[in-house]
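Same chain, two partners: chain A is paired with chain B first, then with chain C.
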Partner chain A sequence: MGDISKNYRLNFLKEVEANVEEGEWVKMCMQCGVCSGSCPLGKFWDHPPQEIFMMIRAGKRDAVLTSNAMWMCTSCYNCIVRCPRELPITHIMHGLAHYAQRLGLAPAHQPTAKFAQLFWNNLMKKGRVNELKLGVKLYFMNGIGEGFKTSLKMKDIGLGMMKTKRMNPMEAIGGHALEDVKGFHAVMQKAQELEDQRLANQRP
Partner chain B sequence: MTAVIATNETILVVGGGISGMTAALEAAETGKQVVLVEQRPYLGGRVTQLYKYFPKLCFPTCGLEINQRRTKQNPNLTILTLAEVTGLTGSAGAYTATITLAPRYVNERCTACGDCATAVEAEFADEYNYGLSKRKGAYLPYRMAHPARYVLDPAIIGTADAEKAKAACKYDAIDLEMREETLELRCGAVIWATGWQPYDAAKIQPYGYDRFPNVITSVEFERLADVNGPTGGKIVRPSDGKEAKKIAFIQCAGSRDRNHLLHCSRICCMASLKQATYVLDAFAEQAEVNVYYIDLRSIDRFEDFYNKVRANQNIKFIKSKPSSIVADKDGNPIVHGVDTEGYNRYAEPHDLVVLAVGMEPAVKKDAFPISVQINREGFIEAAPENGGIFAAGCAADALDVNRSAQHATGAALRAIQVINRVARAEV
Partner chain C sequence: MAKRQYSFYPGCSSQKGASSSNYLISAQTMCEELDIQLNEIPDWNCCGASIGYAGGGELPRLTLSARNIALSEQHNPGQSIVATCAACWLSTREAAERLQHNPALAKDANTALAEAGLTLKNQTPIKHMVEVLIQDIGYDTIKTKVKRPLAGLKIAGYVGCQTNRPFGIAGESFENPQYLDRLIETLGADSIPQFEKKVQCCGGALAFSEPAKSQEMIKGILESAHDNGADLIVTPCPVCQMNAEVYQEQINATYGTNFKMPVVYYSTLMAIAFGRSAQDAALTGQVIPAEKLAAIAGK
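Presenting the complex of A and B:
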């Protein structure tokens, strides 16, 4: 029969509380369901937020961390506004996604995760987002064929943006940057060191 | 001029609903002098607007009638209607209250014959029916109002209607010269029984109370079901008068919600179960009732009632706080949400949606004429700092009628203790 009390050990909840941004709020959910009903993309998720919170409490670690659910959040904040217990649901979703990514458990080829990584890499180069390069990277994210197709589809919009000076073709070579890019990189490196230190010192 | 004799041995009761009436009567029946102040033109408060009580489904008229008889028989009790406490100073055993009396324009010679109401023409939204019907500018607030005396709406004073009412009265009971009066009286203890009001449902934006006519509140539904109500007891929907056979009850509409009221209003679960019986009684096999809830709180003996209602095949309980309501082209409110037992997404059309609105204190936190301890939910705390002021009923917490009456009796005892101390000191 085994030890039934194992089912009631809140190991995963404690893990979430310790590692996930705003994770300490998960236990406050009273399972009313307003968040799930309020989510405009809810029907495309594997598990709505309410279910995710229950799964965390039920110790379903793998199911939660490998799920595509929290990657579907578009930060519309409907759930936060309506939650009767003021849980920062949007932030918890991003926190869970980030934690899953850190552990390498995020679903493969998850477009939101891919895009987030592209955005980050883009930003880290010069301390400014290079929208032209980011856009091109996004178009070609799923291969050359699809990239050309999307580019052709969007060409009128692109030309229009150039005409109205909303997009600068010169950004393709180099692009604008912070005044002190070296300093920026030093700051980011230090931040990474501190974060690694924090993670190393954390209880398992 | 209204004359009221009061001393430091008098108990002032603020509010003449079920709690204030109970506290005033319990104190007066022990021989204490009591002045009961009520803002409405009659006693009984929100209980007069209920169709049935839970869980016995008996009529509140019965208990109100008993209380009315007790007030008539008691020489120690002075009742002031259309009256408001606008000032209160002093400390336990020695308070001075300022009371503002609004003019009724009808004196005690009124026999409630109704000739004035027949004579006048202007109509106003009937507050007794939460605006679901109209009343005349000369009116009896409701059919068993106590005192059983008509009232003139101040809006008709100075118009032809006022003269018509005066001319129609055979008893010289209409006095258009009445003016607002202010009086000061002494008292040793104060029982604060100002009760509750329904939470403003329009503030719960996703439910569209202010946008959809077929989304109503539980207090309005109570009037619809009442045979003496605006529809003669027919359960029909406001938009087109169609019979409302499929009804959704949405629990915790405002309660247990940090965006609205922090507390559980305690009455709404039982009130909705009770109101479900109105629908089941009216439409039998054709009735379809959906109760949307977070969890149902029918405690103690109320659980028997819950089990009895639950046994009916035509009522369903859906564990879910709906996220929003929209209306289709026929005005049917559609309830949207995801349920907690299976995480199924639903979009359920109904004839009518009833929001089980929460209870909030009728007097706002900053509106008390004297400093009292108010908790974070807005109710009066039982605190030594309150001196000789004791909250009774829903001024102290969200309570049902039964618990309000018990609480009010306790408050009366506290007030009596203060008066007895004063009396001993004065001997």
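Presenting the complex of A and C:
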């Protein structure tokens, strides 16, 4: 997948349109800036949405796909409901993030990128999310030392949740699962196959 | 009165021993009082939430919701799906609409579902519990059920993001929705119409992965509620509830503030106003105790 960009004769907009969920909307952006001004975490992003769309059109492939922007999208949908051109901005952000991840270009130490992948892996195992395992993995995702520090910091929150029966240490073994895990896995595997085929067919 | 039947999608976070198990308990109590029967979708799976996009591409993510809708259509035919979790509602409704508008994707989703003998018709309305309350039941009926008006309580209605955008509640504005305030008033409490953070994002999943950034936003929400004289905050979303409630000590440590603001679900408020016990209203699930509500429940 490394040289996928060559297929597009370096036209990054075309690449985005063919490979990124809702990417065909990018060209509709009129650069008004409403989304950037509405984004609650925009001030932390390398590039807010409006800028990302401009960069896509300007062919700045690496800068877009390796940036930490997109990964801090909280899915608040502020931008979507305000955009005068009705771009599905939230979904484009998610689509870009997913595409960057698939190509291995997502920033290695972006915490939400890691968390988002952990979440997906967690739910794929048994069809439902195991909050305890997810939390433990999250706290230890940057290594053992930092993990213990974070766990310690989060200890009181964990105790509060346990006391009110909103966290269950027994989830560490077993935990909630579907009855038909086998069927679930078969369905999801098929969906992944079809997704891969669909993307392969869209490529020039 | 015959009970209204809904196909119920509870979501992972409401499971026993999970972070919003208290939401489920209070919602069930509320529904009993309103003659609503919730028929759980058998063997439902996680919706993928908003954060599923990193690992999950378009079709796999849509297929997650397609499986739930197909199970609902098979086991609870003719019933609308109702979700209590905002993210569950949003993902499911978004998936249903995307698959309706894109026959090629719908065909692929059905091919995948066939692996487990399932078929998606995709003809099922997908509602949030708040829509059921406001559109199917109505404020007037809710009012007739109030046995213990929440008189004297000042409550900040925190609508948050995903119960409000992009779908929201029909007839409400995205920037200043009124339904939660109206619900608060219907239960006999005072709402705070000038609570300016009512649709502010709480950070969602970033509360886990990037806590400093998320807590800065939560601080703003708490501050506004506090400055407007709120006794407590009420919300329709499990992510908002958890984020606004459980990090207050950390926020206090970071910012030198002194928040101890209870954050409850609308269903907890309603269960208490309808005369049910603190246990049935899941007040026992508060990390920050809602003492004034508990006092009303103790009457």
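The rule is short, and it goes like this: the second predicted complex is superposed on the first by the 193 of 204 C-alpha atoms of A that agree within 3 Å, B and C clash if a C-alpha of one lies under 4 Å from a C-alpha of the other, contacts with A are read in each partner's own complex, and residues count from 1 in each chain.
Here is the rule we go by: contacts are C-beta pairs under 8 Å (C-beta built on N, C-alpha and C of every residue); 3 or more make two chains touch, one makes a residue touch a chain.
These numbers come from a predicted model, not from an experiment.
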item: Fit or clash between chain C and chain B when superposed on chain A; value: fit
item: Residue contacts on chain A - larger count, chain B or chain C; value: C
item: Contacts of A:Gly33 with chain B and chain C, given as first, second, both or neither; value: first
item: Partner chain in contact with A:Gln50 - chain B first, chain C second, else both or neither; value: first
item: Chain B versus chain C as contact partner of A:Gly42, first or second or both or neither; value: first
item: Cα-centre angle that chain B and chain C span when viewed from chain A, reported as a multiple of 10 degrees; value: 70
item: Partner chain(s) touched by A:Ala116 [first = chain B, second = chain C, both, neither]; value: second
item: Chain C versus chain B - closest C-alpha approach in the superposed model, Å; value: 6
item: Set of chain A residues, in rising order, touched by both chain B and chain C; value: 81-82
item: Chain A to chain C touching residues, read off their complex; value: 21, 40-41, 44, 72, 74-78, 80-82, 90, 94-95, 97-98, 101-102, 106, 111-117, 119-121, 123-124, 127-129, 131, 135, 138, 153, 156-157, 160-161, 163-168, 170-171, 176, 178-180, 183-184, 186-192, 194-195, 198-199
item: Chain A residues touching chain B - in the complex, by the definition given at the top; value: 30-38, 42-43, 47-48, 50-51, 81-82, 84-86
item: Contacting residues of chain C [partner chain A, same complex]; value: 12-13, 15-22, 43, 45-46, 48-60, 63-64, 67, 87, 104, 108-109, 111-118, 161-162, 165-166, 174, 200-201, 203-206, 208-210, 213-214, 217, 246-247, 249-250, 284-287
item: Chain A partner contacts - residues on chain B that touch it in the complex; value: 206, 252, 256-260, 294, 319-324, 336-340, 343, 345
